[in-house]
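Two complexes follow with chain A in common, the first pairing it with chain B and the second with chain C.
Coming up: the complex of A and B.
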């Protein structure tokens, strides 16, 4: 049977994060934790493959104990197992350290449930916004990667081949790759399903598997957490709101207003930059 | 058990002490398709030229593809001192494995202290693989770059849906890597007299060893590309319905610009979500942005406030959009926009053609 791993992350819904205007700091209180939006599209595609071909779907995440809730949500949708990799020593990881831990977790999942044929990730997370962890995992496991997939065209189990459409700035690329392969999902890939009633019932009782640093015999502690992360955030700041002296164009006479605006725009460097005659 | 049989994981730290001072210069990885370079690559060379001069170090470019020697030449005209040029049929289409293999070889041989590439789909795919392989730190999607006295790359990027900026460093390893957003920096004027060195790089993978195959590429000329637009004409709730966008299309056509929308307009189904500018849509920074019938909710403003010039047209004099607009017209957009289109049309069309 196929074994598919889906990597997810529980993130604060960044759309709900506000900046305190007095202190210029982030207000995190009351911000709901959600499963990273794009990851659910990766899970949906894995579940579709499970529906069609039969597969074991293992969902993994690295995060605090509260991330168990995110795994239960995935189980309610139809995932077979959820693994939480959680330890204080993992905290503060950048994308390099994160891909190391997730790659180790996938190797351990292979030892436990059999070789992995496909890995799905979201194209990026809402809080980190980098899109680097997927390629990082593929690279560490020496697997081919198909990023920014907008359509899963076909899977040929006999030939061990997949064909997908990758979304690019100027068009779409059809690519064929061989299993095992790592795929990162766009939101246009599919529409994630709602939890089924049996799924909800199972999730209500489900207790995710938790692995800590002690569960990995081959873990190199110098490569995890803050210590294993080469990038350092040296400062963060809220950009000053743009100071603009708005010039108002008198609109009492609309014909004159249009000409007036045109003349003002022509008086800037815009005609030169935009090639206006 | 199986753990012992496993191959060693890729991207673990180099063994022993490495003399990082051997790493010198900045390398820009040039992106191309079908022999045409992406504008972001030349924009990056422009900014990297400034940084290289500050570091008193060479500016290198890496050009990969099939029949792309003209791009290697162009890279010099856009500011590179040295161009590494890998030309092979296996490199015709971008694929992670052969491209990252060439990149790694060039980086390990010529040792740049900084490696930059565009934060495009391809750039992000490639950078993530290379940074893991080396291994080194990688900053995604930077919008500001600088170097300090210790030769550290200060790569700044938006965080938390554009609400903050964060400066990110990598002190531990070289090269320091970043992907950079398109449209942020300006390319230098092309100088065909500029001279530089082009060094051929051998690509050593055989097609039989590359299992991933690009079957076809379908160009989409109708793809909404807000990120690269120089002029954007955006509309919101004030347009009153999908028909209002016709006026915007007319103005955009005259200016060679692109139509966009606020979340209010896309949520109401007046126009596709692909056109949405803002926190849950696309972040843009065109030279000129028209906000027409858009009140200026924070969700919209964070996605367009970095436009060079903003023109706001709204009937409500208290609409917050006026606070960030360079030019404001308080009035009826249905009257003003067609007149503005006409005025531009007359001004931009050569006298003879009228």
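Coming up: the complex of A and C.
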């Protein structure tokens, strides 16, 4: 059976995040924690493969004990198992240290439940926004990576091949790759499902598996946590909001309003920039 | 359909439903707690006062761990005139220990309360809407939810789905509201620095104060409130829906005018509105309580109209009714009988409790909320009372006896003559004394 690992992160709900004007850092206190938005799209694609071909879906995350809740949410949607990698020694990790620990976790998951055929990650997290952890894991596991995937076209189990479409800045790229691969998901990839009632019931009683530093025999302690994180935040600041002039088109009827709007648009440089004639 | 069967399904994780689920789970029965909000408390609001007694019956010394705001040591009543205020207040340090009541915010409190039910073994099913009751002929046997494979079966369903109880309606025990049976409360949570609140309300540490407001509700029957939380204030008004209809006033307009009142505006000055919410409150009281049980079901809390509008108590009644429904469910489980015959014990328990007695005491209050009288009681009399007191306290050479007459005349005129003043007085006295 296929074995798919989905990497998720519990993040503060970005819709409710504010920035402390004095320290320029995120105010995390009292902000609800959610599963990183893009990760849910990765999970959904894994679950679709499970529905169609049958697969074992293992969800992993690194974080504090409270991240169990995020794993339970994934289990409610249909994941088979959730693994929380949690230890004070892992705290303060940047993307380099995080991808190291997650790669080790995936190797341990392989030892426990069998070889991994596919790994899904979100394209980036809502709190860190780097998009580096997915590619970092792929490099460490020496696996092909398909980032920014907007469409999962097909999976051929016999040929051990996937075809996906990547969304790039100047177009799309259709790629065929051999398993195993790591895929990072965009939000247009799919629409994450709502958990079924039996799923919710299972998740309500589910206790995720927790692995600490002691569970990894080959762990290099110099590569984890703050010690293993060379990233230095030298400065943070809040960008000034851009001033935008708003004009209201107010006319008696739709046709007049549209005409008015067009006239005003053509009085600007915008049509030229956009190449309208 | 879920393969799993429960002993009891509780619909609604407000104070009533959670109290029921907690009681049942502690007895070791299998209970599911279904809530439509993202988490318990996400969709719940109340004025903001929580009392000790009823919750303590359920969870001893709960206040040592529950997220509460301030311990109320002072209660004020303000009768608002247009730019004057008649004030009564009572403060007593004894209210601090043992605490009598607290201000609270439901978003935090309900989450905590539900977590206690979960710890006791209740199975949480959140973000899930119960769309209908499943029935076997006339017997309720489970619920249908809006999730895939969403049918769930149990021996008993406890309905605690709030003021607009859709399930109550489906059982025909809950009619559509009459506008004069329900008030609409709107509330703002306004944030201010902790120290500012303590200075403005003369408080220290976790001491709290409540102010009930009467008068200046856009000429409608309504009451307002201003409560102190840790670093926020809860300011709200509740007005009869029938009055809103007749006067064509929007609820937030009433709240806005209260916020502009000179006595209120200085207390909330500089504050930032963090939350705005609105909620229906059942005001029908005793006479609108529906049948409380049937074959396979019981109903409690707001869904069963259990609100004591006079004493701003709703949460109390909800918690107690939930606990009693829970205890009845446990007894029914032991007996293996889930018919009306057994579940009607819940009805008997409610009748023996303060819930029934308090609501019965104030059954006449509802009649004061009718149009006409309400305008006199809630608008003209407060205005005249303030004017009368102003005249009494103003030293301007007019003899005191004449002043007294003038004051009485003001009140009489507001009531619509001597007879009406007497009638309102007697009616009010009867309503309050039951």
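Assume the second predicted complex is superposed on the first by the 228 of 277 C-alpha atoms of A that agree within 3 Å, B and C clash if a C-alpha of one lies under 4 Å from a C-alpha of the other, contacts with A are read in each partner's own complex, and residues count from 1 in each chain.
We adopt the following convention: a residue touches a chain if its C-beta (ideal position, glycine included) is under 8 Å from a C-beta of that chain, and two chains touch if they have at least 3 such contacts.
Computed from a predicted structure; not experimentally measured.
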Broader residue contact with chain A after superposition on the shared chain, chain B or chain C: B
Which superposed partner A:197 touches (first chain B, second chain C, both, neither): second
Touching partner for A:231 - first (chain B), second (chain C), both, neither: first
Which of chain B and chain C A:56 touches, first, second, both or neither: neither
Chain B and chain C contact sites that coincide on chain A, given as residue numbers: none
Interfacial residue positions of chain A with respect to chain C in the complex: 194-198, 200-201, 204-205
Residues of chain B that touch chain A when the two form their complex: 1-3, 6-7, 9-13, 33, 93, 96-97, 100, 120-122, 124-125, 127-129, 131-133, 135-141, 154, 158-161, 163-173, 211-220, 223, 225, 227-228, 230-231, 255-256, 279-280, 287-288, 299, 305, 308-312, 322-332, 335-336, 339-340, 342-344, 347-348, 350
Sites on chain A touched by chain B in the complex: 14-15, 17-19, 26, 94-96, 99-100, 103-104, 107, 110-111, 126-127, 129-136, 138-142, 144-148, 163, 166-178, 217-218, 220, 222-223, 229-239, 241-242, 244, 246-249, 251, 254-255, 257-259, 261-262, 264-266, 268, 270, 273-274, 276-277
Chain A-facing residues of chain C, complex: 2-4, 32, 123-125, 128, 145, 147-152
